[in-house]
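Below is one structure, written out as structure tokens; comments come after it.
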Amino acid sequence: MGWDWAARSDVLRAAFLLFVLMFLALPLSGLFASGVAWQGAWLSAQDWASIATSLLGGALAMLVILLLGTPLAFYLARHRGRWVMLAEAIVLMPMLMPTLALGILLSVVYGPAAPLGRAFGALGVVLTNTPAAFLLATIYAALPTYVIAARGAIAQVPEDYEELARTLGDPLWKARLRVTLPLAGRGLSAALSLAWVRALGEFGVILIVAYYPAGMPVQLWTDVQDLGLQAVFPLVVVFLLVTLPVPLWLGLKARAA
Amino acid sequence: MGWDWAARSDVLRAAFLLFVLMFLALPLSGLFASGVAWQGAWLSAQDWASIATSLLGGALAMLVILLLGTPLAFYLARHRGRWVMLAEAIVLMPMLMPTLALGILLSVVYGPAAPLGRAFGALGVVLTNTPAAFLLATIYAALPTYVIAARGAIAQVPEDYEELARTLGDPLWKARLRVTLPLAGRGLSAALSLAWVRALGEFGVILIVAYYPAGMPVQLWTDVQDLGLQAVFPLVVVFLLVTLPVPLWLGLKARAA
Amino acid sequence: GESITVAYAGSMGRLMDQGLNPAFTAATGTAVHGIGHGAVALAHLISGGAMKPDVFVPVSAGPAKIVRAAGLADKAVPVASTSMVLAYSPFSKFATRFKAAKGADWTKIFLDPAIRLGRTDPTADPQGRYVLFALQLAGIYYKIPSFAAKVAGAVLNPAQIFAEPSLLARLEAGQIDATLGYKSAVVSQQLPFIELPDAVNLSNPALAKSVYDQASLTLKEKNGQTRTIHPSPLVFYAMALKAASDPKAAAEYVAFLAGSDGQAIFKRYGYGLGLGRAI
Amino acid sequence: MNSIEIDYTLPAPVCMRACFTVRGFTTLLGRSGVGKTSLLRALAGLLPGQGTPWGGLAPERRPIGYLPQHTLLFPHLSVLENTAYALRRPERLTQARALLDGLGLAPLAARRPDELSGGQAKRVALARALAHGAKLLLLDEPSAGLDTMTRDATLDWLANIAATRGIPVLAATHDHDVAARADQVALLAEGRIIQHGPARAVFSAPASRVAAELLGYDNIFERGGALWAAHAGAIRLDPAGAYFRVRAVRETGTGLRLICGPDPCLTVELPQGRAADYPPGAQIRLSLTGAVRLG
Amino acid sequence: MNSIEIDYTLPAPVCMRACFTVRGFTTLLGRSGVGKTSLLRALAGLLPGQGTPWGGLAPERRPIGYLPQHTLLFPHLSVLENTAYALRRPERLTQARALLDGLGLAPLAARRPDELSGGQAKRVALARALAHGAKLLLLDEPSAGLDTMTRDATLDWLANIAATRGIPVLAATHDHDVAARADQVALLAEGRIIQHGPARAVFSAPASRVAAELLGYDNIFERGGALWAAHAGAIRLDPAGAYFRVRAVRETGTGLRLICGPDPCLTVELPQGRAADYPPGAQIRLSLTGAVRLG
């Protein structure tokens, strides 16, 4: 590319891209607009704790999501028929449900009043307002996103390479691990980015199921109510700074591959 | 596949998949658990209006997102370097921002007090609590999701086909339209699914920017506050029924292609 | 090691997070997890079983009654009160007029067609209802016919209704010029405000029957029937829930709020005394 | 020489029953689209097929090395990693390097597949297959896209390794030179192996017209109640030969390609000559000593 | 016969300056990895390259038909749609069907590319390129993977269309048969065209040892101070020939391949014979009349 630069249409294209990017960047300008008191704006201990909670919980959730979601994504990508449709519908449902509704349903199913919640409680695992509940809510929020995006990425990789790896002695799972996953890398990195974003940004589900320990979105919510608007902008900035590196790094890796 | 059925590992695999699917389906059981009054549970005129708002606004937003997002996704997929990183960061930011914060920032930038909001207002376009505001909020919520997912899907398509289409007389944009997009179909369909889900499910941003006209999530929220839990389950079910077909159909198309 | 969970009306956030809860922890060693949200939403979440806090602190009697009706608590103790005030934006072009306003002056500013008012959804948020009640009472008090209708327009007027978390934020940013709101919340956000007379501000239980009952709001129910509601005074109640994980600590918490230490903190954050009877 | 009996039945995409022996270097000839690739894929376990050896076994459990027609190097791995893909022991990279060395590809070891030419990629894929093949090598057009010298060097190297290790090789090919020098030839047509055996035996007695065509005989004609086949280059100008009339002539390389008739109508290739010396209608005398009898 | 002068300079992946004429059916010969594909891609506008014709023009503005080495049929389109890709007029499908018909591929029109054999796919890609080529056809190994009969039919059809339309064809190939029958031959080595011209001229006087090797001469030897080249098949047993001693012998097809020496060391192919008749050490007499002089 680049060497057959046809000046006019390229300028138009660049202008269009700039327009879309500026449209997306516009809200950020709000951060600097209305006299935010950046000097006095230090984060409270609770703010820092929420950052730790979000990052730790998010990372753990991503691990679980990768392990649970990847085989499911393979199944959805590599099969057809009505059972697959049903499975896909099941994956889509927690995602399509308004998060508030999902939170409510989770609290109904895993809450202390429900049999399942009681069973877990008997094992010492309380699934409301505990780190375990935070993890659970995050997984429910982000797993479907990962599965759907990863399904698309995997489906785009021709099966030929996987088959060839099998003729070279790899059982199916190993062929998928060594060949299909790397070949789906660019799509998978997008899937992971989206899941990470969803995991860290989830508010609706967490609000109901795991107000404690407070992650960043809940902390932000509390801060807005307690302190007003200007006061939370520093937290928003820190939020962006700590969450951006992961998807940026994933994007970079995908492009380098 | 299928004909070299190695019974044991396949049973294990099926069991694992079933477990993950059941885990995902579990919250739905909550809908039927606690004595919901399904008989008397009819939807109000407002509920129906919110469904119409969501579907119409969602569909319009998807159109805009496709038009704005696809060229950007191509740019991110096909280029490298620090400018691309910056562009990608800009795309990620509205997505990573807690939706509440994004909503507040949007209201700061597009609200009647801001220059931009005033300029739009002078043109007769009010960007608070109007259908235009609903659309704007939905676009901000779903555009980055689409761009990141579509970027992954497009990056997975080898450039060779696009180049070949050019030797057959198609200018770049046409080659991308006729060849690259269809070849990225499976990933793109996932991207569209995710964007649709995000567009219809968006709560945080909409809550702030476009409480009116109420879409389904806001209506659900109002109903919860107004009527209590049991009363909203019918709306949740209808919500699922009207939003599921689009991504299911996209998944079906992707698999048929 | 012990901890209790307290669900409270969203407007109490700063008081709870910075005042009462740390003080309670300091006094008893019991950690407090607070959940701040719209009181009616919380009441429904609690009565529906989606939330299981130990103590519930709503504003006004309505939400308390929802929880009691579900059989989850017996008694709601009044612990504080607040009043409706007029809060305005320091960036508003009406700011100087508000600052100079005395007596009924503010009603004239409110009738200015250029003013942008904000309020929350009266079908979902008690505060949104109280704005309309206060406007009605002001019309009666200042003898301005159909004042509320002129100022607020339709009950669900899209030009004025915003989600609760963004309302004060918008006021700060100058997107709306003024709103009516709980004094407690306005004080904690350090916004300029104007006090309203007792007959309008809905804070005095003594005026409940004689004055406040004159205000009413007719809302459409889901099933098409209509329901007329009257305001009860802006009293904060505390109720220990029967299913509390630690009933003793829950009772202790309620007692702390009603006790002298708690009341002092309420006062410091701009709340009034917990007036009226327990329900 | 090690050998493997093959008896495979394929239901799809072409219905086929292939029954023959792979011994030493065996080439599989067949027209485009007849099912050579399908047969190799079935033997590799990639297409449903029943029979011996390894019928129904998963691909990863078959002791084969498979070179696919489309090369299919793993795009995310370097040439060296591709070659070493099937190797497990710690010295795998050393082994892979040795294989690449033998093919003269050592300088390319660090490259990615998309930085290779078509012929280079083919040879890397061959090395990769060889690293795994323990009992049988299945090569789909190993020499297509290679120039003669590279082809000869590659096939010599391959034959050498296969012979040393005692691994039989089944190679689908369209190259008669390769087929002629193979140990065995199998001809695939109409869903079955119509002839197979040592190259010499098959070439000197094609079983049928179709077989002769597959073996690259340009001329197939009847004479004395029997069918005969002859390569265009095996027919000679011979002062003592039979009379023919030139119908068309064309210069090819240093030589000539003549169409002569009338009975039989023959295509003749002369190593030298100018077209002007053979005007259409001219009489020439040809000896058919290079012809073989069919059946 | 229409012709196009080509003068292209490539900086990467191989540094190259190619300067020659494409006239009628022109074959491009070169060893694996020498840069044939790169040159064709540069001419198609897919690799940076400067020169005439069309230097710097975007690929979509070049009046060419390009057959890539890896076929690259669009996987999401049917065979018919692939063929019609570059056609714009309403009757595009009819035109595409006619092209497929000419190649005997009409029955496959509705298939998807992944339902084709390798050779079928190659021919479809050829038809697709032909539908767009207006001034020049660039074909990267059009005959690789085709059996002789399919190859001949395909190339005849191609030559026919190209001649009718007056479009010159540049075809990279490794097949000497194809090169020998071409109108023109260009030899690529060491980053330049080392020789080009009419096939007959090039074959009968290779410019150098490298050129002779590229043209498929098996024997290159010195005699009387000059270099000579000879095909293994062009050397004949001749009672009046020079004496040689057999060093090694191998049966190929119906014939024999002899290595004889000592000076020069020759590879000889005999159309008939049994290996036993030529034991190593035996004396034979060969005539070298088939040899051409280099330079």
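Structural remarks
Going in written order, the chains are labelled A, B, C, D and E, and every chain counts its residues from 1.
Everything below uses one rule, namely that contacts are C-beta pairs under 8 Å (C-beta built on N, C-alpha and C of every residue); 3 or more make two chains touch, one makes a residue touch a chain.
The structure presented is a predicted model; accordingly, all values stated were derived computationally and were not measured.
Listed here as common contacts of chain B and chain D: A, E. Across every pairing of chains, the maximum count of C-beta contacts belongs to A-B. Centroid analysis (C-alpha atoms only) places C farthest from chain D. Least-squares overlay of CA atoms from chain A onto chain B yields a rotation of 180° to the nearest 5.
Distance between chain centres (mean CA atoms), chain B to chain E: 53 Å.
We define each chain's centre as the mean of its Cα atoms; on that basis chain C and chain E are separated by 88 Å.
One finds 36 Å separating the Cα centroids of chain B and chain C. With touch defined as above, residues shared between interfaces to two or more other chains in chain D number as follows: 45, 58-59, 70. Residue positions of chain C touching 2 or more other chains: 45, 48-50, 165, 169, 173-174.
Counting partner chains per residue, chain A shows two or more touched chains at residues 34, 104, 108, 183, 221, 224, 229.
Residue ranges of chain B in contact with chain E, taken from their complex: 160-161, 163-172, 175, 178-179, 182-183, 185, 257. Contacts from chain E toward chain D in the complex involve residues 13, 29-33, 35, 37, 69-70, 115-120, 123, 140-141, 144-151, 174, 176-177, 179-181, 199-200, 203-204, 213-216, 231, 233-234, 250-255, 257, 271-272, 289-290, 292.
Residue ranges on chain A touching chain B, taken from their complex, read 1, 13, 16-17, 20-21, 23-31, 33-34, 68-69, 71-72, 75-78, 80, 84-85, 87-102, 104-106, 108-109, 114, 116, 140, 143-145, 148-149, 151-153, 155-157, 183-184, 186-191, 193-194, 197, 200-201, 203-204, 216-217, 220-221, 224, 229, 232, 236, 239-240, 243-244, 247-248, 251-252, 254-255.
Chain contact summary for the complex, chain B toward chain C: residues 34, 40, 42, 44, 100, 103-104, 107-108, 111-114, 128-130, 207-208, 211-213, 221-231. Residue ranges on chain D touching chain A, taken from their complex, read 44-46, 58-60, 62, 64-66, 68, 70, 72, 74-76, 85-86, 128-129, 132.
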